[in-house]
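Sending over a structure as structure tokens; questions will come in a sec.
Chains: A, B and C, in written order; residue numbering restarts at 1 for each.
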Amino acid sequence: MAALHIQSLKKAFGGLPAINDVSLKVEEGERRLIIGPNGAGKTTLFNLVTGDLNSDSGRIFLFDTEITRRATHRRVHLGLARTYQIITLFSKDTLEHNIALSLLGLSKERWNTFGRNHSPEDAKAVLAMVGLEHLGQRPVSEVAYGEKRRLEIAMALAQKPRVLLLDEPLAGLSREERGAVKQLISKIPRETTVVMIEHDMDTALDMAETITVLHYGRVIVEGTRQQVVADPKTREVYLGH
Amino acid sequence: MLFLLAAGFSLIFGLMRIANLTHGALYMLGAYIGVSILKTVPNLWVAAILSGLVVAVFGGLLEKLILRRLGGNVLGQVLVTLGIAFILADFCLVVWGGDPIPVPTPAFLQRPVRIAGLAFPAYRLAVVIIAIAVGIGLFLFVEKTRLGAMIRAGVDDRDMARAVGIPVSRLFTTVFCLGAALAGAGGVIGGPIMSAYPGLDADMLPLALIVVILGGVGSLVGAFVGSFITGFVYTFGVALLPDLAYVILFLPMILVIAFRPRGLFGKFAA
Amino acid sequence: MVGGEYYVNLGSQIFIFAVFAASINLLLGYGGLPTLGHAAYLGVAAYLAALCALKLGWGHLAAAPAALVGTTLMAAAFGLIALRATGLGFLMLTLALSQVLWGTALRWVAMTDGDNGLRGLTRPFGMDDAKSFYYFTLAVTVFSLWMMARFVTSSFGAALAGTRDQARRMSALGHNVWMVRWITFIYAGFWGGVSGLLFVYYHKYIHPVSLSLANSAEGLLAVIAGGSGTLAGPLVGAAIVMLLKNYVSAYVERWNMLLGFVFVVIVVFMPDGVVPGVKRLWRRYISRA
């Protein structure tokens, strides 16, 4: 069964098609990379999958559940998690608090209006996973950019998602930071299916076994790394850009 | 008459994203100034125009001196307009006292007019005609003139408008004046029907709000249709169930919000 | 002792107003939802309690819960409407809703006696002297503020603050943002209702002005003056507003004009309120010492 199955999805903004008949099937445990130049519709595709945007037509399945019209938070409860390209963290709060909010999102405890029964240990354990445990008490606004990126990923991983969407996790990072984040992603357990967007082709090719090239809202090429690199259409998209 | 009120409110809110809560107070101020002018110049139309000008100047000063400083602080702007509204209301109470002041209807409009066997009070008919005329005038202004085009650009995308060199801040002052003028003149023209009394501001503000919520923010057509619906519902509501006119007023608003949260003709969510 | 009674009554008024301001603070300070119609809950609870007593002849033990239930249900219904929007839209909708109630209270003379207000009410437990009512109010206020403090520091409160700062992110983390806001709206309405009950017991009289924009604005001013999103803010703000109102109105009649000026001054010069301002100074003092 596919972990994420998209059937002829369409979305237009004021008559301009952003996603034009995209179908996609990501198997369970797969690492899928979606590349394409800026404006190819990659983030729009993510927003449609998470429910930040509603599609005009087409269907989306998460495992055996159709999620096309479900509210964003319901999709999260079905095992979907994402990171954002532009960092949207709770910048005044500590790293631990950010993780705690993520853990709360899936716990019944979030409806507790009278007390606070979550242990800081859980949040610390998650931070340790990404090597940020020493910064737990710092407010987000005071840590480095690369650390924020890792926190983004940690917040998504904290929910032990079945499908994880990573929106340009390497963007804006230095070479060393990029190495750290790449290693972090490679350590994600296989129970989690990972779909990752990247607009720069070279940085991320080695992170996935299957690659989809998106251009003007359409799937241009799809296949293994070798197939995609060898395909003349890929080069056309990137050289023509 | 309601349209004059709501159009200004809608313009200001749509373009500047300022919920101008002084609007009801400006309307009342207009009505009172009109009353004073009428004592020396016994002509309602002159009074309306003069009063509109005075209120426009006041609105312009308010925008330039206070609101401009709070750019971006949306809640702050709302609260300041609210504070000014209280000051204005109290000011009117000090100057013109607590008793309602009737505004005389112009003599030649006092008789009822018969159309198709139905009698209409001539003055109300005249108000409707003025509202339509102003509505058309505003529509032409916004749709056909250069300034209007700039205003529309500002409503659609403020940053973009600034980027292409439109003097957005001067435009804001202009629009604020225009909106205030409409409220002020509306207060005078509405005078013979409503008269001028303390609390007029609080009566008018919810009407303006409901019209704009109904019609959609920043839409003239919406403000026009919204005022007609609100006016009708209110008038009939008062006639049928005087105690609950306000509750009835509220029904179209609920329906619109439930089904069209952007209002009937709005571009943005209210 | 007459002077003593004056201060005791002033204390009661401050406490009542603090509960009201704290309930606004739940929405404005913690939920990021600027309400300009919170007088609706104070006024409706007060009117319901008064009407139950006067028209139905109910005792306090029946009227008070009925008023609170009615107010809470109304908050639930209003929340459905107002939460179609956030920010300015929310503000306008709450304002419009409360203005409609105000207009109704003023016009529906058969029910509310309009501008005359409803009189002839009593306090519960025969607390007609200032002192025993003061202690009653104090107890209720402490309990209310404590409940609200528990609310904002709870797990739910953490989620609420999250929806204020990053609503979209919160839903991407599995939080039902709308539901969080709605529950808060209802909760704030309930405590607004509690303050309304205290209000009507204190004055033994209720007038449409309690439902007015000016009343909502005074509450909002107290929250902002005290510091929104802080626990002590509403109490400090309520004290400031009530002291101003009582002392100044003893000398000049123009309370509304003053209220307007205070609004403008605070918003322009002290946007984050008195409590955070003092805290900032205190921290600076500590670090220097």
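Note that contacts are C-beta pairs under 8 Å (C-beta built on N, C-alpha and C of every residue); 3 or more make two chains touch, one makes a residue touch a chain.
Just so it is clear, the structure is predicted and the values come from calculations on it, not from any experiment.
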*Draw the chains as points, connect those that touch, then say whether the picture is a line, ring, star, complete or other.*
line
*Sort out for me whether A-C or B-C is joined by the greater number of C-beta contact pairs.*
B-C
*Could you tell me the distance, in whole angstrom, between the mean C-alpha positions of chain A and chain B?*
48
*Taking each chain's centre as the mean of its CA atoms, how far is chain B from chain C in angstrom?*
30
*Which integer distance in Å separates the CA centroid of chain A from that of chain C?*
43
*For the complex, which residues does chain B have touching chain C?*
13, 17, 19, 21, 66, 69-70, 73-76, 78-80, 82-91, 94, 202-203, 205-206, 209-210, 212-213, 242-247, 249-250, 253-254, 257-258, 261, 269-270
_Touching residues of chain C toward chain B in the complex: what are they?_
34, 36, 81, 84-85, 87-89, 91-93, 95-97, 99-104, 107-111, 212-214, 217, 220-221, 224, 254, 256-257, 259-264, 267-268, 271
*Touch list for chain A against partner chain C, complex*: 50, 52, 71-73, 76-77, 81-82, 84, 88-93, 97, 100-102, 104-106, 109-118, 155, 159
*Provide the residue numbers of chain C that touch chain A in the complex, in ascending order.*
150-151, 153-159, 162, 165-166, 168-177, 183, 187
